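Read the structure below first, then the notes.
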Amino acid sequence: MTKEFEPRIVGILCNWCSYAGADLAGISRIKYPPNVRIVRVMCSGRVDPSFVLKAFAEGADGVLVSGCHPVDCHYIEGNYKMWARKVMLETMLQQLGIEPERFRLTWVSANEGELFKQYVTEMVDAVKKLGPFQKPVNWMTELLEHERSLGTAVQEIAAGGGVGE
Amino acid sequence: MSEEIKIGVYVCHCGSNIADKVDCAAVAEFASKLPNVTVARDFQYMCADPGQELIRKDIKEQGINRVVVASCSPRMHEPTFRKVCESVGLNGYFFEMANIREHVSWCTEDREAATEKAKALVAAAVARVPLQEPLYERYADMNDRVLVIGGGIAGIEAALKVSGGNKEVVIVEKEPSIGGTMAKLDKTFPTLDCSACILTPKMVECAQRDNVKLYTYSEVEKVDGYVGNFTVTIRKKARSVDLDKCTGCGLCITKCPTKDIPHEWEENLTTRTAIFTPFPQAVPNKPVIDRENCRYFTTGKCGICAKVCPTDAVDFEQEDELVTEDFGAIIVATGFELFDPSVGPQWGFGKFDNVITSLQFERMVNASGPTKGKVLLKNGEEPKSIAILHCIGSRDENYHEYCSRFCCTAALKLAHLAKEKTNGDVYSFYIDMRTFGKGYEEFYNRIMSEGIHFIRGKGTEVVERKGQLLVRTEDTLLGKYREVPVDMVVLMAACQPGQDTEKLAQTLAIQRSADGFFLEAHPKLEPLKTATDGIFLCGACQGPKDIPDSVAQGAGAASEALSLISAGKVKISPIVARCDEDKCGGCMICINLCPYTAISYDEEKKVAVVNEAKCKGCGTCSGSCPTGAMTNTNFTDEQIMTQIEGVLAV
Amino acid sequence: MSDKKLKLGLYWAAGCGGCDVAVLDIDEKILDVAEVADIHFWPIAMDFKYKDVAAMDDGFLDVCFLNGAIRNSENKEVAELLRAKSKVLVALGTCACYGGVIGLANFCTREEILETAFKKTVSTDNPEGIIPQPVSEVDGCELHIPEVYEAVYKLDDFVNVDYYLPGCPPRAELIAKAIDAIVAGQLPEPGSVLLPAKTVCDECKREKKDRHVDEFKRPWELIPDEEKCLLDQGLVCMGPATRAGCGAACTNVNMPCRGCYGPAEGVIDQGAKAMSAVAVTAVSTNLAEMEKVISQVKDPAGTFYMYGLPNSLLRGRQMKEAK
Amino acid sequence: MSAPAEYLREEELDHNLIYEVASFPGGHKIFSCQQCGSCSGSCDMAQDMDYTPRKMIEMIRAGMRKEVLGANAQWLCTTCYYCTVRCPRGIEPTEVLYAVKSIGIRDRGVDPNNDSPKFYETFCDTVHKFGRQHEPTLMAIYAFKGNPLRLMGFAPLGIGMLAKGKLGLAPSRVKNVDEVRKLIDRYRNKV
Amino acid sequence: MRYGYMPGCSSHASSVDYEASTKAVAKALGIDLVEIEDWNCCGTAPISSVNPEMAVALSARNLALAEEQGFDAVVTACAACFNMLYKAWDNFANNPGMRKQLEEAMSDIGRTLKGKAEVRHLLDIIVNDYGLEKIEQLVTKKLTGLKVVPYYGCLLGRPKSNFEDAEEPNSMDGLLAMLGTEVLDSDFKARCCGSSTIFTKRSYMLRLLHDILEDAQRLGGDMIVVACPLCQMNLDAYQTNVNSAYGTSFNIPVVYFTQLLGLALGLSPQQLAMDKAFVSSQKVLNRVSNL
């Protein structure tokens, strides 16, 4: 039996509430699974859905976005804007064959270290149950095989184009 | 970028704080193999002088041009290391921090897992840092004049304090006189001193100080610019009286033939003329013509006031005038208005003559009021019994959910005055008696001893049976239904946001809370600031407040404004939004997204334009920019995506 | 460019053929083309065989316009062949550039598609349920047909592309302009898109104003105001996230943009960007209300990736490795 | 004779009562009552009730199950809904009292001298039978169930109605009366 | 809009007069009221007292029937039916827990409810859908000289209503004024008559009836006008009880708004079943010219 599957989850956290909440968890020496790797943005309103897709495309097993509680946003209502994107993104991810447990938007304030731990733990558990996010999915193998099989000759030809030179 | 990227990575042990759980040497070793990394070290304390020196030395000697420190939270030491870089000439934004203490060593059990996670975070920082651009903090000039909107007690206090700090201040008041609601009150709780006696001197001082400019009968029309540099357009409504020529003799008022206009300032308890001053102590004590009711304006005939004026001050041709003034800070002190109890027919206001509001009663008991201080029924008789109903429109989901805060104590004051003036039966119908201020509970105690009938139960309904007013309630302490016959009912109507609050919020780009009042930046720690830099709040425009609180806030807001303008310069963070005009399609999605109105639309170029002084750098606009034209400095799409690749590389 | 005539090739891979029609649509301009260029390969118009191409020297063709996506082994082989034989390879049309409408196939597996095409459609008459195989035996002979791939790919997934000219189809004048530029030797950096960097909104005359949507609607649910921005009226319009060039052809006739000219310059995932922009127009401080409004956009993935699924970060529906 | 001194014994209180009431339609806001008495002040019947509507709510909150179910307040409620539209906390006292009546009928917790439950159950039975109400049947059964003298009390009215042709003697019936019965049984048997 | 008519149980007994006048007036105005096939008891107060959820479910069946039969709205002339049907509709539309429960209950009896049909009161239909202007053109006899006291009772405006104000109902006022009557404003117009508890707590309820009648008399009203069968029955049939309990001598006719409207439209008192009331309105009507 190989080692237990340890998911890699990208956490995108706003600077003022959730990143600070994660800091507080650390300061309070609250232990939680090490699977979430945190990327800081100033506001959850900054989170472009492309970031979430990018994380999955890079092989993340889950993405956790977290911001200030509604009405508490440091920038007034950036978190509401993320909520709007989240609602649509959830449907889109489902259509793209990604299980809903793999993406989550939470509200964690700067004094909610315990809550941060709770969300991380819940998410890690849920993703562990699902297993790894398949990358490459089977049809991608074709492409990758092709890339591997590309002889240097072809590449040179391909790179050699250019009119009038 | 032609320059070769040379990254220095510094892994901090933080004593044993990090090193206990993270194999710092292994992380440094790992980092040294990452692309573009020139040096990678681990060290006991990076934030201490020797640690800082290590970085400086590498920058100078090894030509390091990007710095990554893996230590604590950037919320802690990011500024420290930025300064280190800047001290040797490297831009502070060529620096990136990996948080391996709060986010790794302190929250992870397993050493191996912790080391792994630390590597991922370092890899991400190393991946990201080459994409970072040099950014510079900038400063804008600061105008040191202050605008106060609203000339009630809070605004007056704020203006006088700013003026006392030797700064110029302008008060804009929409009514013909400053003074606000306080000017209408008779006595003030809990000390029962006369309201006019303590307010009038302050009003006069506003008129007399050289560095205070009054715009009465005026409104703020437009606000442009940003903190330190607001340009405000003020509409001076046509007063039809030349303030420079008028001496305030009042002859015009005595001769005006139109005398039957409901006197709003007297809460419609009496009438006034078409040319009038709202009250005897008005500042400026000069009349205004109410054009809607003036015969000259409605019929073209009359003009008696102009004929009798000894100084030729009446000017029928006067027009609204727009003036533009520049300010560094704005204080909003627009106060409140009284809830209209006729919205709830059960209270009988508007239906029965002798059901009146608290402010009407206040005018009645005022010696300079319409009844010369006598409490009188509509038929001219003195009431033998008076009911005072608390919480009319307050603490009621059907109207306002909040508590209006000052009415309980005000009701006690009115109960006292009613008892004193009529010696009749005075009933106070209350839900909870909330006398929270200094001396207020003592005041309650005092009023109780005066023989007022306190009934704990909301005065639910006022009905008339056989010509007698009845207040229906439950005496909840007895658990008995009661119908109390009274001659007069005083409704303690709720304090609610003024009608123009919404419009002003838009003009100023400040927020309102769910109750409609202006919203403070933080309910505890920033009660006087708004989320828009340079705009402050005081008094009841932020929520129900009594006089002591309004005065305290007025002084506080003045202090906020003085502290801001005294700095002389406005610091602008370099983390802002920037729009690439070549890419911007002009879709305008971002413009509404910005809570600070920092983005505008350039009609000519058809692109979005960011006012960096107003922008706070949240990046919400870039998060929804469909073309990628809008970038968030230090948090660009490319930087964040590379960082995501980085955290997943391990 | 020497005064020699240009050697031109055109090819149609997995696509609808509309791009070839668009080339014909350049009208009399085709005569100018004929003056400066010789067409050496254009299967839709003239009789050429692949072996003719194979016989060419590498780099023989000066320019080759390739339209259509890569769906099967034939598409890929020819693309690779033409790449080798062409000095400049232009991906013509959105299918070649980004996968196009046929890229929507990436929401399904190859099996699902073949099952549907050969067994499930109403008009199918295939009692034995035969699905064509790459290699089969017919009357004792071995028959080869191209192998259908698992997914739809865009051209540059397999070969290096010099220029992109997206559009479904690209407007004829854009093609004409590209040919002019080639003839004049005035092409930009290789890898460029031969279109302005702006978006459809820039070309659209409608008035954009409130940027707040209370209710999303489908185009048939209302007759839109002709002056106002369609998005402001609750129609999901891809204009903000779609490269300019079409002259706002759809919004000019009261239809929302579907995004056929592909992402704006430098944008990695057109669908995600468009979705982000559209979603925030429904922002309010009532989360439930917002959820209700946004849920009115029924098929976000299909809507926002209508023309670019194979060009998106995830390229299509993620399907578990068959066990 | 004065009642012996009593205090509320914690063990005799039923803290589940408020949750039970809250589970009825319109009952959920009972928790936010601020005891202002707006309901009682609006109530035309409050003067005749043993406990005012406000007090009923407080007693429910305290868990005084016996007293609440045994009270007369809920049976005097005319369901005029003044309390409901005026409550500053959005509580619906009319619905709260409906819940109290319903629990009382179900648990047989009502004062046996109070005839109201009998009438309401008879009403229900009649609808169960015909799918609609039929006044003569209702009155006849109600009278025989309780005190036959009561029928006499209604007799003058009944005769008057009969004379005016206002008593439809043949009951009007619902065709698919099974459906109505199923609905009634569904909730009558619900514990 | 297709109106599905719900007569309510009392239409077959105590309010045959309301029913008759409603149908006559609807016909005269050309309002198409088609009775909902197989409607059942709305689940009024007594049933709500046994179990409020049961009551709502009974009304829900009526809504489901109306939907099935293709009606856009359920129309009733009874304030109590209106109250119950509206409550069912409101619970279905705005209370997710109840919605689920009602869906289950309906599927249990083989019906489905989608909440498509609105609930409307006849008064609302006549005053707001049909409109006073159109009625005015059809009025042949003005009821000049008649002093009327509109009495609304509780359930037209409370707790929730889609046409009437909770505290100050006024839909009938305008209609009656347009018919030429002098409309008197009683403080008791939205008070309760106590009909839901008249059978069980009669002695208490007579006080309510007394107050309403007394105010009408004080105002000098010739008659009380109502839009609810229970109000009519209560104020009319129990007037003698009030008189004996309070030593009064009230003799105030209590008529339906449909009856006065019918008279103004030229229908005869017989067509409007005006002879069914306990307190005769004949004298009063004789006083008014050309009736």
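In order of appearance the chains are A, B, C, D and E, and numbering begins at 1 in each one.
In the analysis below, a residue touches a chain if its C-beta (ideal position, glycine included) is under 8 Å from a C-beta of that chain, and two chains touch if they have at least 3 such contacts.
These numbers come from a predicted model, not from an experiment.
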* **Chain hops separating chain E from chain A, counting only touching neighbours** => 2
* Is the C-beta contact count larger for B-C or for B-E? -> B-C
* Specify the chain with the shortest distance from its C-alpha centroid to the centroid of every protein C-alpha atom present. => B
* Structure fact -> In terms of mean CA position, the chain most removed from chain E is C
* chain B to chain E: how many Å between their CA centres? -> 51
* Structure fact -> So, in whole Å, the Cα centroid of chain A is separated from that of chain B by 38
* To do: Could you grab the centroid distance between chain D and chain E? Build each centroid from C-alpha atoms only and quote it in angstrom.
  => 23
* Structure fact -> Cα centroid separation, chain C vs chain E, in Å, comes to 66
* To do: Please list all residues of chain C that touch 2 or more other chains.
  => 268, 273, 276, 279-280, 283
* Where chain D touches two or more other chains at once, by residue number -> 85
* Where does chain A touch two or more other chains at once, residue-wise? -> 48, 50, 54, 77, 81, 85
* Can you name every pair of chains that touch? -> A-B, A-C, B-C, B-D, B-E, D-E
* For the chain D and chain B complex, residues of the former touching the latter -> 34-43, 46-47, 49, 51-52, 54-55, 85-90
* **Touching residues on chain D, where the partner in the complex is chain E** => 24-26, 44-45, 48, 75-82, 84-85, 92, 94-95, 98-99, 101-102, 105-106, 115-117, 119-121, 123-124, 127, 131-136, 142, 154, 157, 160-161, 164-168, 172, 174-176, 178-180, 182-184, 186-188, 190
* Which of the residues in chain C come into contact with chain B in the complex? -> 197-202, 208, 210-212, 239-241, 244, 264-268, 273-274, 276-277, 279-281, 283
* Can you list the chain B residues touching chain A in their complex? -> 73-75, 99, 101-110, 113-114, 116-117, 120-121, 124, 511, 531, 575, 593, 595, 616-620, 622-624, 632, 635, 637, 640-641, 643-645, 647-648
* To do: Could you please specify the touching residues of chain B with respect to chain E in the complex?
  => 344-346, 463-464
